[in-house]
């Protein structure tokens, strides 16, 4: 069971969190022409690396904040956690 | 039936408390502190089950969690427990168990015909046959195979027992209360660490209970008792017996199954039968000791062939002889310890050692006790069907290429 | 305001579980807390007002994780960054709150009807919580609060006191009965008294 | 090739089984092949077999990093079914069912295909409605489906929890009587043995380290055993597709996730069918050996770990006991995790790529094992004819771009959104 350090609440067990996927995907900017390719990229395409992966989690049964977690998808080692607003 | 294989003294069982139990419908007696396995061996019962495919006779091979053979069906508190290892089940008054995978009974098992036709059922034979005619697989072959499958039978009733789980945090989790586990726990606890010490068996001490060792001026067993008593009195230490750590998950989350009531005839009201612990440990010491590996020879699965460490454990902890004419086959010094224990209890063992000229204190001790030692010897095959009665042995040739 | 609680049908006073032959003092005490005024106060992201200057029932909000500021009537629990739960016996506090926490900077939500609250007291409180919550509860002391889960139900813990151990637990009203079952079931082993 | 039969078994028994031929060889790679299949799992082996059998292309190599059948074909819960609602999935899977029915005879290897029937339990009226819709769709595609009421379910699986006051009462279920299970390893071995006998080189312990691509055309691969040329290369490495895609500078609509399963110690026969719990994610069957085979949902986050984590296992077993109380006394013999390609709509991809001569077979989500023969058959066709067969035309790579998703479950990889 993963042990994730919430930047707000401290170390908590995985069952307090909910997974939110790849954190590096950027939504196309609003009010601009967006090509089909850009939408495809944003909605469907994922690198899904084996190794370091920056991802979103929500501390849903805690402070309810979205956070960023840098985790190894092979070993599950967590290198760092950030507030959602912080850049890696 | 009397306990032909129980020594008059010795062992850690409570001889003042006699316990009656039933195996395959027959009544036997054992003592408080016995396992179902040790009590059965004491009563001379060596045949407890049948193997999965060939229905070969099965006895006891180990003395604990490593037991591959002695699987029984239990009745406890009006609940059925399939696939219980007799070597792990502690004896309690009124225990009822029976053999599995045999019909009509363990002694005369129709399924054993597979053993005599074994030549036609090699490993993976089913991939090569049962293909013609096509419909026969569905209608005849597979239904027969399915019917023959399985060991114990599960009850379809609701399980009325109580089970709980619990989350716990600690600085150090130690699995196993042998000498290294106890020493580690004691050192860490004295320095203020929050320690959980888990022991799978009912008794603490691990190998200290079966080995002739001294620590300081105490015997291993006395030392273990002293340390455990002290650990139990420390507020930063949790000491648990009958607790098996069975999973090591991500980020140092370990899972431990505590058997709270399995050794009692009936669970107390509001007390769970078992409790699952989710332990998040900062550090983990796995001091579970070793499990002896068997040597390979013909028919090494028949009842009466067992690990020498198990034979020693039955002697030292339960005061039970696994046999009266033991042959100890070894390739290292540990077999000598078992042989010496037999000798001390008036039984003459024979040691077969694969080594040519081993030399050590314990070998000298065995020689001094006039134990019959045959060096450069191996067991070629065990003989017997429902119980081993002899063995073919041979001397290894100089170039070790034949015997 | 109706005072009918979600636990009305199941919370019955009396002794339960393994209480026989035990000193009543050593039993767990489980009670339901009703008629509290509960309000969530959230400061907007773009608000620049300093919370240090704001007083409610003589208490200041504190943007420090896992803490509670309290007086005899009111407790303010940290519930996340710029997010607090105010719990008070004073049922008429809303007007004052709305004057202090202006809607230009704060979202104020009355949750009085949406929570079930259980209070447990006794030596074994921590043990009861360990049976369902993955939080390292032993680290928390009086004056702390924490959001966590208990057997899958999201809860808020308010550590009222350490001598004796008193913990107040909030959960969503709709999970109230399930949660109550979970807590009382975990308490059977120790024996408990429902007040 | 030696024929397997009861006669060859008896004959060899008298020779103490010393005369059996090896089931497949261990060749060193040639410098060039007509087709290279990367991945020696069920799908890769089946593809090579059907390339040889259906398209007469036998100069084929299977390149496998580990050992054949070591991936998902060795890490599944052996379920075979075609109970899908959408045409693409239903017709594809039913085509596969026919291959399964004849597989043992076709491969001369008993894969123990066992049509025990699969029952999806329903726990509400709404779920019964959903199932009757799915059942009707199945029947329209020629797939057998039976809607069962509570009493009919009870007759088939009396050991399920039919007691009063249960959290998820059983209202009924949807059954596909012809669905079932097969012996998973045997499938890989059977395909390997036949493919080998027709000239396919099965090269194990050989890792693909790179691709030779020039002017949008594939020329060959680089491996730990040297460079190998081929004009056509098929990727069949579900679970690790993204790792190879990275070497090709491709980003795919898939994420790699982990699914766990477990088996109990063998018990006497108690459950004859495959049963799925409708109020969560749990499924269960009993193997021919007597073990209870169980599985559940994804671990829930991207993972290549090939080992499971605790919360999902807790979840799976909790649901299992809610459905079948008798499971509570069983001890787990093994638990394991397998990594899989989760595509964004929950359906697979079998298609050409923008690189000429490079073909893609991936995105099998939870359903890869049962698809083994149909996947191999259609992928072989796609490679041999350089165009998809009509059965896999819907499983196109660009469907995410054009909006032609096949969202059978409506979730795809994003289980975390719900």
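Some notes on this structure:
Residue numbering begins at 1 within each chain, and the chains themselves are lettered A, B, C and D in the order written.
Note that in this section a contact is a pair of C-beta atoms (placed from the backbone, for glycine too) under 8 Å apart; a residue touches a chain by one contact, two chains touch by 3 or more.
Just so it is clear, the structure is predicted and the values come from calculations on it, not from any experiment.
With centres taken as mean C-alpha coordinates, the chain found closest to the middle of all protein C-alpha atoms is D.
We define each chain's centre as the mean of its Cα atoms; on that basis chain B and chain D are separated by 39 Å. Centroids built from CA atoms put chain D at 29 Å from chain A.
Centre-to-centre spacing of chain A and chain B amounts to 48 Å, using the average Cα coordinate of each chain. Residue positions of chain C with contacts to 2 or more other chains are 134-136. Along chain D, residues 309-310 each make contact with two or more other chains.
Taken residue by residue, chain B touches two or more other chains at 167, 249-250, 253, 278, 280, whereas all remaining positions touch fewer.
A complete list of chain pairs in contact reads A-B, A-C, A-D, B-C, B-D.
Interface of chain A with chain B (complex): residues 1-3, 13, 76, 78.
Against chain D, in their complex, chain A makes its touches with residues 1-2, 14-15, 18-22, 36-37, 40-41, 43-50, 53, 55, 71, 73-76. Contact residues of chain D toward chain A in the complex are 240, 242-243, 246, 251-256, 300-305, 309-311, 344, 400-401, 414, 416.
Put simply, chain B touches chain D in their complex at residues 52, 79-83, 119-120, 122, 125-132, 134, 137-138, 142, 145-147, 149-159, 163, 247, 249-250, 253, 255, 278.
Across the complex, chain C meets chain A through its residues 65-66, 79-81, 83, 134-136, 146-149, 152, 154-155.
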